[in-house]
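First chain A sits with chain B, and in the next complex the same chain sits with chain C.
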Partner chain A sequence: MISSKKVLKIITGSYLFLFFGYLFLPLIFMGIVAFNSSSLPQVSPWEGFTWHWFHELSQDSRMWDALTNSLIVGVSVVCISVPIGLAAALLLTRLQLKSRDLLYALFVSPILTPGIILGISTFLFWDRAFAVMGGLWTAIVAQSTFISAYCMLLIMSRIQRFDRTQEEAAFDLGASHQQVFFKVTLPFLKPALFSSVALAFMQSFENYNTTLFAIGFEQTLPIYIGTKLRQFISPAMNALAVIFIVLTILGALIYEYRRMMERRKEAERKKQAKALKKAMAVQPVPAMQGA
Partner chain B sequence: MGQDVQLSNVGMCFDEFWAVRNVDMHIEAGEFFSFLGPSGCGKTTLLRLISGFLDPSEGVISINGQDMRGIGPNKRHTAMIFQNLALFPLMSVAHNIGFGLEIKRVPKLEREKRVDELLELVDLPGVGDKKVEDLSGGQKQRVAIARALAVEPSVLMLDEPLSALDLKLRHHMRAELRKIQRRTKVTFIYITHDQGEAFTMSDRLAVMSDGKIEQLGYPDAIYNNPATPFVASFVGETNTFHGSLSEIKDSSAIIDTPTGPLHCRNPQNLGQGTDSIAFVRPETISFMNGAQADNSLPCTIDTWSFEGAFITIQLKTGDGKPLTMRISNRGADLNLEPGKDVHVAFSADNALLLPKEASHA
Partner chain C sequence: MRKVWNQAKHEFGPIGLAYVLIAVSVWMLVMVVAPQLIMLDFSLHPLLFPDEIGGPKDVWTLQNYEILFSNRLHMIIFLKTIWSSLLVTVFALVICYPISYYIAKVARGASVGWLMVGLIIPYWINELLRLFAWQIILADSGILNQAMLWIGIISEPLNFRAGNGAVILGMAYAYVLFMVFPLYNALESLDRNQVDAARDLGASWFRIHRRIVIPHAKPGIAIGCIMTFMLGAGTIAAPQLLGSPSSFWFTELIYTNFETANWNLGAAYATILALLCLVFMAIMLAVFRVSLKELSR
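For the complex of A and B:
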């Protein structure tokens, strides 16, 4: 007889196996292709190990241009979206406006609008209104419309946990409004600001549909890949994918490691603090102590 | 050193609601002054007016003779200790305390020295590099006090800072606050709904209700000679007898109540026929011991509770009115039984007569 515990274990195990297989098998296959010397992207027949596709990729000047464009657009989007998101978050959490809900809906609406529409409308607007042709600038603006909304939501969730009497206390202690903001409010929001920088960059870097319709004849990396795949299939694209997968995994590992170290430090500090609290506990007060 | 605060006809109106009305008073330099009142009586609004977070809708606030209109909280010589303390969680204890000095651009070395002195003052030496969250409630309290004192305020305002502490710590901190106030000679303005706190710490206090000051005076005067029915019933416990004033003798008066005629003290010289209330504190009522008394009432014992130092007895008068008396425990067996008939007495001096309609002159 198999115990029910064992059955459960088997079921859970096979579920997890299938789940992770579903997630990672395509990536693994795709990765293997990058090292197969066959000129068609395929796993079998295996024609021998090669670094050739990576070399070919590195020789592709258009890929480098697209990557540079992606970095320019990403950094610009961060520079525009994070301040706008911060300002919107502050506005929505502070002002007791009757139109607050309306403003919120307005700020969030780009997230709900299909990306293609954001791209096309930005492209047309700049073309018609200012005679500015589609290019990196329009791509940056189009992406920022919805990415700043993501940043706003992220920062808002942090602000809602902020105790505003801290600002009053700083103000009361002589700080100017600017000093209150930079010494008290902003440090509290720092984690949310870092996350929105990361989120904004990644959202921009991987964006395809909005960018495609806004960017005119320029190319970012996702658009370059999309165009390339439509023209002819080369394992060089698999090589590019392998590089990004490796970078992502490395990033995640570093992040996890740092978090682990921080948690260890925090636990150590808590232990010391507890000992201190015990040592410094208030001595029992005589019952009738006079004022 | 402390500075005085003058409030001249101060009023504060929020959307047609007057949170504070006609406050006209003076707080002496170096005084420990308390505002006592139930929640919603306007005392926190008053504190925010004095510290500058609000501008009065009418009237003038001056500190040390200087009109405070148009001067923000960051430019006033006041500091506030908030109800939730509002310590900066991301800064160390020392950084918290030194914050005001950092804003004033006090050089780092001097700042560190000052922080150490303040930690010494509030009995927390050596915790400067700790995080705020690692401190206990009482320790956080002291850090908040040190942080406010660091900017050397002339007036320190405290918004119910002890309400989050447990009873024992609260009693300890009362004495501690008083000590710090005496040592620094800063004017303390303290806000509380706890009369024990107000009485034990304050030089003088004001009882507030509905945005107005009901009575201002020394703690004993407020307890013994409440000026309005609100003060009489809000401060301490009391029994009330409603009735109409029927007879005036030179120093006392007699009112007719459903329980019977009562001899009362009439400090406000109410006239005959006035609808009035007699207030009698439970601790001024005693059992009849044969001697003559101004007022004696036949009662039955309803319940009683033993509270250690004293015993609280719930009685019912002849007409069924509940009456509370409190006697100190002298160790003797009082033979208290529910249902037992007793006679209780109180003097006319201890029955304070006030008009039913409070007159706010």
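For the complex of A and C:
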């Protein structure tokens, strides 16, 4: 019995080791190259430590232009996607529609469509319908088609945990629709709205496939990286990769820390509620089935 | 209909209702449905000179679609896209199922957090950079060739980029994690007591997974497969960065048509790609007997 448990432990351990090795080793190699003086992007032979590639990257004006475009596109996508996502989430959770499942399928369909299709169709549509050539605007619209759906999913999962009696109480006290929305619903949704702003910006900032087809001759940062990587590769790209990786690690740590704190808070709240219930020794009132 | 309208008015108020309706219909009609229809319209028209548009040659035709079936090379590329996306999907499912189960049901305490961070970091890193990492590994003077030369398996560096292998490797690496999170979400809601009860009753490890865990994870498996297949079939980054002139992919075919201004043929091939993913989705939902309703949970 003990030996079979041990075997299982060894298998699990080596699987985890291989799995994370597979995920991280390529990224580690890519990172090391950024600090190698060799002008070919390679790990070995090691020709000495250098910050030169970071310096070279910072001198690249096209990189800065592309970064500026990425920021413009990202902020615009957030401004379009979050309000749309919120509206769609409200529509699906608040109305008792017979066709709810069908609408849901329609709303998430942009996520399940290959990105290049969204780029192509947006590009063709704006050209045909409004004679607008591919550029930053079409890239913004094309990205927003599917990023709105991600925002909707995030906001929906929070709305479903909302206790509708709070809104009903506000209505009973004579609050208007706008007051209830801005004073009760929106504050409750705040965490989900913040995360959808972050998610929308990140999705936009790193999108390649959709943007490539929609953007015409303009460049966002991923388009710039893609163009560079198809030509002669300089280790300056590795320097850029290192910056991305460091930012990503920071982001992941913050995200997981917040998630853990939220879980702890929730567990605490449940414990308190249990204790309170016990102390009062009354039958719990069934929660209103609102959503 | 009237009832829904009254309920909606009661629910949102006039201003709120206007906001919801305008936002959702702009999104669905102007950003999703109309562009798809325009793309379909492009695909059903022949490529014409500007002065021929509106003339007698400007008719609806399937000729762009027929090219795929008459051009043997294009067909081979199309089939290659299908089987390599399938390969990547199966690979992702096989290597991600254990990790998802482990994080969702076996690991406890702080290690769950660290494992999640370990998944999120590579998942969030830009797909181009994930492919770039393999460009470096597979280069002629790259680490893999150097290692193999050093061990002595080969005497000359191999050109890994020559065939389709590098693109498939890159696809697998770039999209494998899109399988993990749907699986994890599905498995997390599994009651651990069910597994314990089956084990106490003497069920084998294999049987527990086949009869309890996998049936529970079905919606997650379906979504994970749909996402991975779609990303694999629809990627242009992977062939652009890891392909070679001798390995041409379907997305590159579409891109070339847009570059050479044959938007009609490009639109037709794009429509075919969209249909392929739709068919795959329908098959997955049918095989795993998952309804749209279950996906919406």
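Miscellaneous remarks
Note that in this section the second predicted complex is superposed on the first by the 234 of 291 C-alpha atoms of A that agree within 3 Å, B and C clash if a C-alpha of one lies under 4 Å from a C-alpha of the other, contacts with A are read in each partner's own complex, and residues count from 1 in each chain.
In this section, contacts are C-beta pairs under 8 Å (C-beta built on N, C-alpha and C of every residue); 3 or more make two chains touch, one makes a residue touch a chain.
The structure displayed is predicted, hence computed values, not measured ones.
In the superposed model, A:14 makes contact with neither chain B nor chain C.
Of the two partner chains, chain C is the only one touched by A:114; chain B is not. By the document's definition of touching, neither partner reaches A:68: not chain B, not chain C. Looking at the shared chain after the overlay, A:212 reaches chain C, while chain B stays out of its contact range. Comparing chain B with chain C, more residues of chain A are touched by C.
Contacts of A:165 after superposition: chain B is touched, whereas chain C is not reached. In the superposition on chain A, A:176 makes contact with both chain B and chain C. After overlaying the two complexes on the shared chain, residue contacts for A:102 are found with chain C alone; chain B is out of touch.
Touching of chain A by both chain B and chain C, each in its own complex, is seen for residues 176. For chain C in complex with chain A, the residues that touch the partner chain are 4, 7-8, 11-16, 19-20, 23-24, 26-28, 31-32, 34-36, 38-39, 42, 95, 98-99, 102, 106, 113, 116-122, 124-137, 139, 141-143, 146, 173, 177, 226-227, 230-231, 233-237, 240-241, 251, 254-255, 258, 263, 266-267, 270, 273-274, 277, 281, 291-293, 295-296.
Within the complex formed with chain B, the residues of chain A that make contact are 163, 165-166, 168-176, 179, 183-184, 187-188, 269-270, 273-274, 276-277, 280-282, 284-285, 289-291. Across the complex, chain A is touched by residues 51, 53, 72-75, 78-80, 82, 84, 86-90, 99-100, 103-104, 124, 127, 130-131, 134-136, 138-139, 147-148, 150-151, 168-169, 171-172, 174-175, 178, 200-201 of chain B. Here chain A touches chain C in the complex through residues 12, 15-16, 19-20, 22-24, 26-27, 29-30, 33, 40-44, 83-84, 86-88, 90-91, 94-97, 100-102, 104-110, 112-118, 120-122, 124-125, 128-129, 141, 144-145, 148, 176-178, 181, 202, 206, 208-209, 212-213, 222, 225-226, 229-230, 233, 237-238, 241, 244-245, 248-249, 251-253, 255-256, 259-260, going by the rule given at the top.
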